[in-house]
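One chain, chain A, appears in both complexes that follow, with chain B as partner in the first and chain C in the second.
Up next is the complex of A and B:
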């Protein structure tokens, strides 16, 4: 069960009317290394992982939904008042033809989200290594998005999200250390 | 302390069609180096932590576009 808090994890402010940024940001919404993939990957893997790290997957998977909501807010703000003409100019005409200004789980290249983006091998080490890789790929995606964007307010929120990827990667790495064991006496906090 | 970025200098051909980028960089955030988080790690104040995205100072690694002229903020 979840408890919903009706606020964003970090404020999302968009200072320029630039629907083209929405086209890029959608990668983190419905792309392979996006927040939806991340949330579903972790929340699904937690059933078949040793008890010690189930809580970690629950926490991080839940936080990914908070990030998904931030990305959705960014995309929505950037496109909600865009006319068909502006959508066309932003390269979003093909999106508009199908969805109007609605959000959709798709990559920046327009591929719809697919469950093949996520893996569940059932082997704890394989799954955690997958999760570490996913966090590093999401971190890299945020870097490329920051490089593409000249909206300083938006970049501020993207920087926050990138920092969270670093922390998630760190915690998954620690989870691997816990499951590896045999490290002599470790202190857990 | 680790550096958050590393550089390399790829081969430049005299026949490259585009203006060569002589120095390439990639991110190496602190999570690659710290291993299991040690006890008594330095912390941000709660307010700073909410902005930074982490409570732990050594994990803070803000990324700025190399194309942004001036580093705004800190």
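Up next is the complex of A and C:
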């Protein structure tokens, strides 16, 4: 089971109401390489991965939910005081028409989240390479978001998340080596 | 929603800092099972975390529920603020 902890993993502060920035950030909420995709990808793959890396997938998957909450907090804080006019000016009129200022799992371009964003091949090496690629894509997305943002408070939190992607990628690379080592020990022929 | 003093943010950040160490060591140990120095650090910070959790919860209410924290009276788990509100 999971137990919720009533705190963010890392502080999230925003300088001003800025729905335009929220529109970009939603990519990491409901986009292909976002935190929801990451959490669900790892927590789903772990059932069929060798025992040696189940712990890693469980722990990284769990941390991704903490990141999802940080992104949600950013989007919430950037839009909570936004008027319909401000939402419209930020290109969020179509979002507002359906959701008001509620959060929704969608990409920056407005595409709803879909399970087709995540893979589960059942082959441990294929799955772990997918995970490494996902972390690198998420790291790149964080960099593009930092490039688009002029909110210094927010960028501090985005940099934290960018660095976490690097660590996750590193741990997954080690998991690949662990499995290769295990495979080498088995004599099938 | 009750107003939070500056000390709240300070204590929360202390907890977040210790928890960061613990998250980082957890993932590291998942791929380095035999690193005794890292295990010693992990157990040290797990103990530190307990102290900070106790102080935080005595002042600002439970961090966890389903029985992983004690309750105040009346039941205060569902009191605001929630993490995205501070």
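Keep this in mind: the second predicted complex is superposed on the first by the 181 of 189 C-alpha atoms of A that agree within 3 Å, B and C clash if a C-alpha of one lies under 4 Å from a C-alpha of the other, contacts with A are read in each partner's own complex, and residues count from 1 in each chain.
In the analysis below, a contact is a pair of C-beta atoms (placed from the backbone, for glycine too) under 8 Å apart; a residue touches a chain by one contact, two chains touch by 3 or more.
Quantities reported herein were computed from a predicted structural model and do not represent experimental measurements.
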Touching partner for A:146 - first (chain B), second (chain C), both, neither: first
Touching partner for A:129 - first (chain B), second (chain C), both, neither: neither
Partner chain(s) touched by A:63 [first = chain B, second = chain C, both, neither]: second
Chain B versus chain C as contact partner of A:104, first or second or both or neither: neither
Partner chain(s) touched by A:10 [first = chain B, second = chain C, both, neither]: both
Partner chain in contact with A:155 - chain B first, chain C second, else both or neither: first
Partner chain in contact with A:174 - chain B first, chain C second, else both or neither: both
Contacts of A:55 with chain B and chain C, given as first, second, both or neither: second
Touched partner set for A:166, first chain B, second chain C, both or neither: first
Residues on chain A lying within both footprints (that of chain B and that of chain C): 10, 167, 174
Chain B contact footprint on chain A (complex, rising order): 10, 139-140, 142-143, 146-147, 149-150, 152, 155, 159-164, 166-167, 169-170, 173-174, 177, 186-187, 189
Chain C residues within the chain A interface of the complex: 9, 12-13, 15-16, 19-20, 23-24, 26-28, 30-32, 61-66, 68, 77, 82-84
Chain A-facing residues of chain B, complex: 27, 29-31, 34-37, 39, 50-54, 59-68, 72
Chain C-facing residues of chain A, complex: 3-12, 53, 55-56, 59-60, 63, 69, 72-73, 76-77, 167-168, 171, 174-175, 178
